[in-house]
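Each chain gets a letter, A, B, C and D, in the order it is written, and its residues are counted from 1.
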Amino acid sequence: MKVNQEVPDMKKLINSPETVLADSLAGVAAAHPDLRVDHANRIIFRATPKAAGKVALLSGGGTGHEPLHGGFVGEGMLDAACAGAIFTSPTPDQMLEATKVVDRGAGVLHIVKNYTGDVMNFEIGAELAAAETGIKVAVVVVNDDVAVEDSSFTAGRRGVGTTVLLEKIAGAAAEEGRDLAAVAAVAQKVNESGRSMGVALTSCTVPSAGKPTFVLPDDEMEIGVGIHGEPGRRRVPLAGAAEVARQLVEPILSDLDFTGAPTIVMLNGLGGTPLIELYVMYAEVRKILDAAGITVARSLVGNYITALDMAGCSVTILKADDDLLRLWDAPVNTSGLRWGI
Amino acid sequence: MTNETISVDQLSGWLTRFNDLVTEQVSYLTELDSAIGDADHGSNMTRGMSAVVEKIQASPAGTVDELFTGAGMTLVTSVGGASGPLYGTFFLRIGATAGPVGTLDAPGLASALRAGLGGVVARGKAEVGDKTMFDVLAPALDAFDAALAGSSDIPSAARAAYSAAQTGRDATQALLARKGRASYLGERSIGHIDPGAASTSLLFQALAETLGKE
Amino acid sequence: MKVNQEVPDMKKLINSPETVLADSLAGVAAAHPDLRVDHANRIIFRATPKAAGKVALLSGGGTGHEPLHGGFVGEGMLDAACAGAIFTSPTPDQMLEATKVVDRGAGVLHIVKNYTGDVMNFEIGAELAAAETGIKVAVVVVNDDVAVEDSSFTAGRRGVGTTVLLEKIAGAAAEEGRDLAAVAAVAQKVNESGRSMGVALTSCTVPSAGKPTFVLPDDEMEIGVGIHGEPGRRRVPLAGAAEVARQLVEPILSDLDFTGAPTIVMLNGLGGTPLIELYVMYAEVRKILDAAGITVARSLVGNYITALDMAGCSVTILKADDDLLRLWDAPVNTSGLRWGI
Amino acid sequence: MTNETISVDQLSGWLTRFNDLVTEQVSYLTELDSAIGDADHGSNMTRGMSAVVEKIQASPAGTVDELFTGAGMTLVTSVGGASGPLYGTFFLRIGATAGPVGTLDAPGLASALRAGLGGVVARGKAEVGDKTMFDVLAPALDAFDAALAGSSDIPSAARAAYSAAQTGRDATQALLARKGRASYLGERSIGHIDPGAASTSLLFQALAETLGKE
């Protein structure tokens, strides 16, 4: 076990790989009086629970994607987020505890990103909740990453950017008082209507590994990268923003027809890329969508679902409708997303 | 002969030795996971197994059930990721199948291990050739059973299992992953050993070494 | 002039160094219907001007510090932001144009970060405004960076993190209807009560330079770095978060006595550092402040004033009072800071 | 002799040559600014001077005033940073002092340049030894005046100014910066040539070369 004052062997503002999760939760607790952090169970809750009789939303996953998920706990979005070790799903006992705490009598929606570990751990959590409590649990598994092509021969598509939009929209549906089946249905609809694709210019470095997960030559980028540094579709020569935007948007548009409906578009930074580049990319994405006759009703540009210090970005497009747009616009008050409040 | 049974203490020694091995090989396991996953298998296994060993040292188990149920629960609640539920279920099923006994005979051990394998399959749905820990676990247990059927004692059967585990581990290199995080790579997963296969091989190395020492 | 599709010679999501400012402004315009971008003059305005009779706030500076300043244009904060080339002050004609547009009859406060170029360009802008229009202009020059020790023998302290807090608080004072002198006085008070200090783990890369501004060995960091990659107080061995926090907070605390008043604390990321590390740092900063008997009334953790892709962070502490806290809590609706609305 | 006056066209040639030189040396200027500033002096100067030259080419100036007022305004409105107002004011003052004339004689040129220097000081408050462009501009103009006083013609005086400029530029290396962005470095600014001093030396190189060619 490394001690606090040791010199880190990588360029990260941490005390040690072993303490980074606990230390970051301490920072979250110190920064946000609106949140209550259960340090023993590594769960971030709203300080003030929602009204009784409303459906609660629980998500969680490996740490390293901040603000996801803890940054989306608050009015109009999640009720709690379980934090796993870096890039590692949280454990079933966390999901059980969180489920018990957040249930307000109307059941709990588990929002799970489609990774084997997350799915299995949430599954066991839900099994334990069913065995120990009478709490109704519904599950939505987000799998929106078009980078995974042969999804029938794999663990399926990964859950990435659409998770952010889903947590916002389902959160609004729950806040509005819809019942568990209806909130789960909205969540399912968002998942079916959202698609994402990402690019890495550099690898992330997992603190416990101490070195970059993969090595990208100076003149190459990884198209279709996952938010854990999983390799993507292919390595290609580095290109300008317009060409990168094309390589991200085209696979999305060929996967789903986005015409004829208002869309919500997110240009998401992966952690090491500054906002100025995200805006440059967003301009290019919009040019492509405009040319394709796709209507952009709402935009989100920033770091929302990250991969530690990876340089790169992802594009998410959600085919919405009036109901989804209204839910999107509803008030939200979290550290990561806030409006109308 | 004493080698025809295995005691709770020996089984505790197995888990302790497994912890030593994953700790020794932590960088290797993480490196394998960097190539086709997310670079955390080493830290996942050491976090889990060191917690298991801490628990064993704090309060040694009296029965096989207690030992493996404790180890399984510890893994399930401390690892996360894919390996937590998979290794956790493996041990939980071993415990439940063995029951509250102080020793296991060879058939008892074999059927407990096979129940563990059943748990892994129930949880992860892996099939032969999917390039997962299953591709080590299944041939290792087949070799274990075959050795016992050929009237080996438990230590020899464990050595046979370890040998099959190594072969299974190395064979994952040529496979295209169809389960877990590595499956996202498609063709690009070929050429790399599966990290879970490598840690499972260490599990059988630990068993062989623990029993060999006596 | 490079063409759009050329392969970039650095790992940045841009089309070319020459177009990055225009391209990012295009992205801002596409993403934020609440903003109006004057592309010719490179000015970001509120789409809906504030009510007549209220003091307007104008800021600006070199691009590369996003969300500052354009991300702080909106209700409760700035009325306009002039964007210069990367790390280069905007030009006087921009300030003149913006001043004319935002004035609602009550005068305009220019918020200038203390760099020779910014000060001179805003100065000329104000001179032109005085010559050409009858608009009253007041100026506040932010100089809060304690890294600059011998400020009497230099161009003075640099303007860094306090700028964010000042724009928020003075913006609220203006929204409340205070007159130009009063808004300027509040701004001045914030400047006098705020102190900052930053650290770089890596250099930034200015697109037109094409390579890192400075080279930091793998085991060193730059304490007291500026937001343009200006060298700081000293290079020291890389250290853990607790030790880095100490090296940032101590110079701040020895520069001003923060006890006996509520403080606002910002832990700011410099662009290439992910949120998880900022929370780890924030936890350490709070430990030090708690031990020093300093009361933290409000917290802000995230990327607010950045230095392109630099990895690192800065700490800003503002000694507040009831008035400043109330102004801080007042509604704000910008892309970079939003609450209460 | 014709060398005793300088025409608008020659002065336009000076600015054109200055643009060529900063364009050639853009990386060098940026590198100097990377060491003690913010790595933009090269792109600032080329952005400004290429705009100046574009304007000259689009509509050649008829008078010295028109030329330099146009150049100064272009710099002020296209550069930003510290160099925009400083170089801009330098040229604006030259234009205003020279007035709407087609040629300048040697004393006229000298006093226009000195007015430019006055503008730089008025704007930037730099003093001798602050490690700025002033430390090139001041000795270069002193040398220019001294050469004229010693009855040199304008081209020789320009060569003398350039020589003094180079000396001034190199001398900034040993100085501790007290103005501009480099001043934040304190002791650490020592050992680097000031970027603005380097670009100002190019300004005199351009003058010497332009006049030398005739």
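Note that in this section a contact is a pair of C-beta atoms (placed from the backbone, for glycine too) under 8 Å apart; a residue touches a chain by one contact, two chains touch by 3 or more.
Labels paired with UniProt names: B, D = Dihydroxyacetone kinase subunit L.
Predicted model, so just to flag it, every value in this text is computed and none were measured.
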Minimal step count in the chain contact network, chain A to chain D: 2
Labels of chains that are neighbours to chain B and to chain C: A
Reference chain A; chain at largest CA-centroid distance: D
Approximate Å spacing (C-alpha centroids) for the pair chain A, chain B: 32
Separation of chain B from chain D, taking each centre as the mean of its C-alpha atoms, in whole Å: 76
Distance between chain centroids, defined by C-alpha means - chain A, chain C (Å): 28
Arrangement of touching chains [line / ring / star / complete / other]: line
All chain pairs that touch each other: A-B, A-C, C-D
Residues on chain A engaged by chain B in the complex (per definition of touch): 17, 62, 84-93, 115-117, 120-121, 123-124, 147-150, 153-155, 158, 206, 208-209, 213-214, 226, 228-231
Interfacial residue positions of chain C with respect to chain A in the complex: 4-8, 11-16, 20, 23-28, 30-32, 63-64, 66-67, 71, 201-202, 218-219, 221, 237-244, 267, 271-284, 286, 296, 299-301, 303, 306, 308-309, 311-313, 333, 335, 338-341
Residues on chain D engaged by chain C in the complex (per definition of touch): 30, 34-40, 42-44, 47, 76-86, 123-124, 177-181, 183-186, 188
